[in-house]
Amino acid sequence: MNWPLVPQQVMTGILNGGTIALIALGIVLIFKASEVYNFAHGHLVMLGAFLTWWFAGGEELGNELFNLPLWAATLMAVLTAMLVGLAIERVILRPMTGQPVLAIILVTLGLSQFIEGGVSILFGAQPKSNFPTPFSPSDVIRIPFPGAFNDTIILKQSLVASFVVAAVASAVFILFFQYTKTGLAMRATAENHEVAQGVGIRVSRIFGLSWAIAGVIATFGGVLLATVSGVSLNMATVVLVAFPAVLLGGLESFGGAIVGGLIVGLSQALVQASRNIEVRNSAEIVPYILLLIILILKPEGLFGQKRIERI
Amino acid sequence: MAEHNPLLRVENIVLSFGGANVLNRVSFDVAEHEIYAIIGPNGAGKTSMLNCISAFYRPQEGQIHYAGRDLVKTPTHEVARLGIARTFQNIALYTGLTTLENLMAARHIHIKENGLASALFWGPARREEIKHRRVVEEIMDFLEIAHIRKAVVGALPYGLRKRVELGRALALEPKLLLLDEPMAGMNIEEKEDMARFVLDVHERRGVTIILIEHDMGLVMDISHRVVVLDFGSKIAEGTPDEVRHNPAVIRAYLGQTA
Amino acid sequence: MLKVNNIEVIYSDVILVLRGVSLAVEAGQITALLGANGAGKTTTIKAITGLLRSQQGKVTRGSIELEGQRIDRLSPDAVVRMGIAQVFEGRRLFSHLTVEENLLTGMVFRPESTRSARVRADLEQVYHFFPRLQELRRRTAGYLSGGEQQMVAIGRALMARPRLMLLDEPSLGLAPLLVQEIFSIIKRINAESGVAMLLVEQNAAVALSIAHQAYVMETGRVVLNGPTEQLVENADIKEFYLGLTQLGERKSYRDVKHYRRRKRWLG
Amino acid sequence: MAMLRPAGDFDRNYAQDMALLRQPWQRWAMLLIITAAALIPLSGNAYLVTTVNRIMYTIVAVQGLNVLTGMTGQISLGQAAFMLVGGYIVALTAQYWGLPIFVTLPLAALGTGVVGLIFGLPSLRVKGFYLAMATLAAQFIIPWLSRHIFPEYLGGSSGRIPVPSPVIAGITFNQVAQVFYISLVVLVITTVVLINVRRTKLGRSFIAVRDNDLAAEVLGVNPFGVKLRAFFVAAMLAGVAGGLKAISQRSVGTELAYGLNESILLLGMLVIGGLGHNLGPFLGVVTIIFLEDLANVTGATMAAIFPQHATSLLTSFRPLFFGLVLMLFLIFEPRGLAHRWELLKASWRMRPFSR
C-alpha cells in the first residue's frame, strides 16, 4: 500500500461513490415498485448523458436543432427520459406482468441492447469529449492534510459538484418517498400489488410513475458521470458496478443502495493506492469480487431482509 | 398401539419465525401402519409441523425421531431416502414435465446412474429406465392417471394434478406418507375418489399416513387417531370420537357459542 | 345496496369455483357469509372487489351491482372508489410501514392531502374505535400481534369512508378472547357509523352473534339464507356449522367403491 | 395432442415407447440431414462454410446454456467468458504441450467445467437474479484475468494469442472447410448426449430443480448438487465451443468477442429458439446469426448511403435488431420458435382436420 495516497483516494472514492449510489437508487426504485430487475438501467444512464449532450448542441455541426445551456439541456433530457421511462413501462413491461424472473431479466437485457443500438444510430458510436461541463480539469480544491501526498488532498471541482448533486438528489428522493402521499402509495405498492389495488391505489399508474422517476434519476446520474469522464457508449458497462452496489446494500433498501454505492466507489479508489500495478489495475473488477464474497457470505446483503421460504 | 411401536416420535418441537411462535412444544407419536390426522384452525401450525417432519423447516428446539435418526438434524434431501414422501398444500409439481416424467423424477433416489451409458441411452442405462418405468406405470394405473401419462402437468385440471402429486409421492415407495390437505377444494365425488386411493395406499402398501385435512367428516371416517393444534400448541389427541367430544376442541376449532 | 346476481366464476378457464351465487346486502346491516374452507366465500369477495383478474379468474355469468350500478367489470381500485372497502383475509398489512402509514394508505385514492382536517378527523375516528392503535401509531405494522394487525386492517378500510365494508375472515388465527373483542368493535362500528358490512367467516358461531342476516355456501353455491334468528334455529346449521350434535348420517368415506383393474394402453 | 400418431402405429412395449426415431423414414431423414451438412464444404462457398461452422460451434455453446438456464432455470450471463477459457486451454495445450485435438478439446471441456463450478458455488445460497449477478461477476473477472495474469502466455493487453491448427492423421486442419468437420462431429456428439440427458435421471432432476427446487429437495433431490452439475455441464460445453471458435479463428483473446454482449447474445439465442427444448439452440442460433448478417448488410448499405455516419451505422444495427427481436419474442412468444415448431407438427399430424 502506498500510504500517503490513501487519504486522497478515500476522498475521491467517496465522491465517486455518490454518483454510483444515485444510479443504484434507480435500480432499487424499480425493483421495489414493480419487482423488475432492470439490467437496462445503465443504458438509461447513458441515454440521459447523450440526450443532454445533444440538447446542448454537442454535434457542433452548426445546424443543431438545439443549442441550450447545460441546465436547460439537462431539463430537456430529464423530460425526454421521463417519457422514455413511461413508454418502457407501458409498451414492454406491462405485457410481461406475471412472467418469471428469467423472462423479466431477459427483456431488460433486450432493452439494453436496443437502447445501445438506438443511441449509436442517433448520436454516433464515437465517444464525445465535448460535454459542456462547467468545470475544467484544472479546477481543483486543495485541502491541507498532513501525512497525505504533498500534505494536501486535491479534489476536482467536478467530482465535488457531482457528489453534492447526487447527495441532494438522493435526499430529495428519499424525502419524497417518506413524506408525500404519492410516496406512500409507492411504498405500499412496493410491498404488495394486490393489497395496494385493494385499498384503491392505481397500481399501473404507480408503475409508470416509478419508471418515469427512474428515467429522471438515471439522467442525473448520466450528466454527473459525463461531467467527470465524458460521454460514450461504454458508460453503460461502466455503471453496471451499480448492481454490485445494490446487492451489497440489499435489494430492498434505499439506504443500503447509498452505502453500497459508497463502498463500491471507495473500493475502486482504494486499490489504486496500491504499489502493485496489477492491484491498481483491478479497480474495474473489485466491485464484482466484493459481490461474489457477499453472495456467498450474506446473500441478502448488508441491509436486506432474509426471506422465509414457504411450501 | 402407539405405545408399542412408534414409527415417528415428535418431541417438544418449538418453531418460531422472527419472534412469532409457530409451534410451541408439540409432541406426538405415530405408530407404524396408522392413519394419523392433524387438524386445527387456519394458522395453527399444521403445515409447519409437516415441514418440520420433512426437514424443510428447522425447529429451534425438540427432536423428531424416525428410523433411528433425528430428522431435525437430517439434510432435507436425505429425508426421502429414509422413506418419507409428501404432497403439498398448494400443489408443487414439476409443471414443465409430463405426468410420467414427474413420477420418474421421484424415482430419483432409486435409479442408478450409469455415466457414459446414460449419455448414450444404451445397455444398462436403458434397462434401468425400463425397470423403473414399470414401477411408475403400476402407480399410474392404480391412480387411474395412465391416460394422461404424456400430458404436461402444468395444463392439467386441479383434481388430476392433486392425483399426480399423490402418484409422485408414491413413486418414492415411502414407508411414511405426509399428505397436506389432499382433498382441499374438491367436490364430494373427487373427495371420495381421493379417500379411496388413500385407503388403498394404506391397506395394500402398508404405508403409514399423516394427514392434514379440514373436512371433519372425512378425518373422522378414515383416521385412526387425531391430534388437534391451536396456535401452535397441541390441545388434544386421541381417537376421532374422543377428539370430537373434547370441550377444548369444540371451543377452539369445531366452534360453539360459549 | 349490494346485489350479487347469479354469478359464475372460473379460474384459469377450467376450474369452476362459483356455480350461480346470488346474495344481497342491505344498507346499514351486517350480512354474514358462512361456509367451510373451499366453499367459495373468498372467491365471492374477490369477484366483488375485482381482484379475481390478477389470479386468472373471471366472472363468466351474472352481474354484481352496487345501488343499481354494475361493478363487475371495474378494476379493483375503481371498486374502492365506488365506496367498497375491504379487509383482507389474513389481514395483509403493509408490514414495513408504520401503523399510521398503513391507515393512511386507506385514503390515498381520495383527493385530500394526508394532512387535511378531514383526514385527521378520520384518523381520530379510527383511534376512537381502536384506542390501542393510537399508542402504536409509530410502530412498524409487521411487528404487531395478530389482534392488533386485525385492528389496523379494519381501520385502514374505514379510512376509505366506505359505504360497504367487506370483511374476510377477521377471526382467522386469533385467540377466542380477541375474536370476541374484534367482533364487538365491528358491531359498534356498524351501529355508530351505519356502514353496511359483508362478513365472511368460517367461525359461524361468532359471525351469527353479530349479523342481521346470513348466507351459507357449500361447494360454490348458496345453500341457505335468512335472518340470523331463523338460521340459528335451523337443524342443519346447528349440526354442521355450530357443531352442536354428532356428525350426521351420511355415507362414510370408508365405504366408497374399490379399485378395479383396467385395460392399459400406451397412448 | 402431441401424442396423436398415424393409425396402425402402436407401441407394444416400453422400449418402443421410448425410442426417438420411431419409423424408418425418420431414420432416413436424420441420415440425410447429416449427410447434407457434411457436403456443404464441397460447395466451395466460403461465406456459407464459415457461417455454418460458426452456427455449429455457437449451437454447442447455447446447448450448454440450455442445460443451465433452460433446463435448470439458473440464469447465466457468463457463457461467453467460459468460451474464452476453453479457447485458451485449447490454444495453450496445443502450443506448449503439442497435444492433439482429441485431447485438447476434452481438456478444454474439463478445465472450463471446473471454472464453471467455481462460479456456480454461490448457487448454494442464492438463486434467480442474485445468481445472474454472480455469473455477471464471472463475465467481468475472467476476461480481466486473461488480460492481466501471465501476459507471456495469455497475450496480456494485446488481447489475443495465436492458436495452432490441429493436425489429424498427418493433415493440418488450417482451412475453415476442414475445421468444419470437427465442429460437425462435436455437434452430433453433444446433441445425442444432451437428448439422452434430457430423458434420463439427470435431465429430470435438472427440470425438477427448475420447476420447484423446494419440492425437489423434499422429494430426495439435492438441489445444490444438481445445480453444480448443471454449471459444470454448461461450462464444459462452453469450453468445447470456445475451443472450436479458437481453432476456427486461429486465435483467441478478449479482443475477439467474448464480452458481456456476447453472453447476452447467447442467452437471447436460447430464448428465441426455445428455453429447455432440445431444438431451441438450433432454431435460435440459426435465426439470430441470419438476422445478424441481415443487420450487417443493412448497416453496410446505410453506411454506403450516409458515409459520414459509416462507423455508427455499421455497429448499431446488430444490437438494435437483436434487442428488438428478443423483446418481441419475450412479449409475444416467450416459449420460442421450438414451441411454434411443436404446434406446426401437431397440426401436421392432425391434418386434414387442422387448419
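Order of writing sets the chain letters: A, B, C and D. Residues in each chain are counted from 1.
The definition used in the following text is that a residue touches a chain if its C-beta (ideal position, glycine included) is under 8 Å from a C-beta of that chain, and two chains touch if they have at least 3 such contacts.
These numbers come from a predicted model, not from an experiment.
Undergrad: Using direct touches as single steps, what is the fewest number of steps from subunit B over to subunit C?
TA: The fewest touching-chain steps linking subunit B to subunit C number 1.
Undergrad: What are the mutual neighbours of subunit A and subunit B in this structure?
TA: Touching subunit A as well as subunit B, we find C, D.
Undergrad: Find the chain most remote from subunit D, comparing centres computed as mean CA coordinates.
TA: C
Undergrad: Hey, how far is the Cα centre of subunit C from the one of subunit D, in Å?
TA: Spacing between the chain centres: roughly 52 Å.
Undergrad: Just curious, how far off is subunit D from subunit A if you go by their C-alpha centres, in Å?
TA: Distance between chain centres: 33 Å.
Undergrad: So what's the Cα centroid distance for subunit A and subunit C, whole Å?
TA: Centre-to-centre distance between subunit A and subunit C: 44 Å.
Undergrad: Using CA atom averages as chain centres, what separation in Å is found between subunit B and subunit D?
TA: 41
Undergrad: Using the touch definition from the top, which residues of subunit A touch two or more other chains?
TA: 309, 311
Undergrad: Could you list the positions in subunit C whose residues touch two or more of the other chains?
TA: In subunit C, 267 touch at least two other chains.
Undergrad: Would you pick out the residues of subunit D that each touch at least 2 other chains?
TA: Touching at least two other chains: 3, 14, 214-215, 218.
Undergrad: Under the stated contact criterion, what part of subunit A meets subunit D in this complex?
TA: 37, 92, 95-96, 99, 101-103, 105-107, 109-118, 120-121, 123-126, 237, 240, 243-244, 247, 251, 278, 281-282, 284-285, 288-289, 291-292, 295-296, 299, 309, 311
Undergrad: For subunit A, which residues count as touching subunit C in their complex?
TA: Per the stated touch rule, the residues are 181, 184-185, 187-188, 191-203.
Undergrad: Sort out for me which residues of subunit D touch subunit A in the complex.
TA: Subunit D residues touching subunit A: 69, 73, 75, 121-122, 124-126, 128-130, 132-134, 136-137, 140-141, 144, 148-149, 214-215, 218, 260-261, 264, 267-268, 271, 275, 309, 311-313, 315-327, 330-331, 334.
Undergrad: Under the definition above, what is the set of subunit B residues touching subunit C in their complex?
TA: 19, 41-44, 137, 141-142, 144, 146-147, 149-150, 157-158, 184-188, 191-193, 195-197, 199-200, 214-218, 220-222, 231, 244, 250-252, 254-258
Undergrad: Note which residues of subunit B are touching subunit D in the complex, please.
TA: Listed in rising order, the residues of subunit B that touch subunit D are 54-56, 75-81, 85-86, 88, 92-97, 101, 104-109, 111, 113, 118-121, 125-126, 129-130, 133-134, 137, 150, 168-169, 172.
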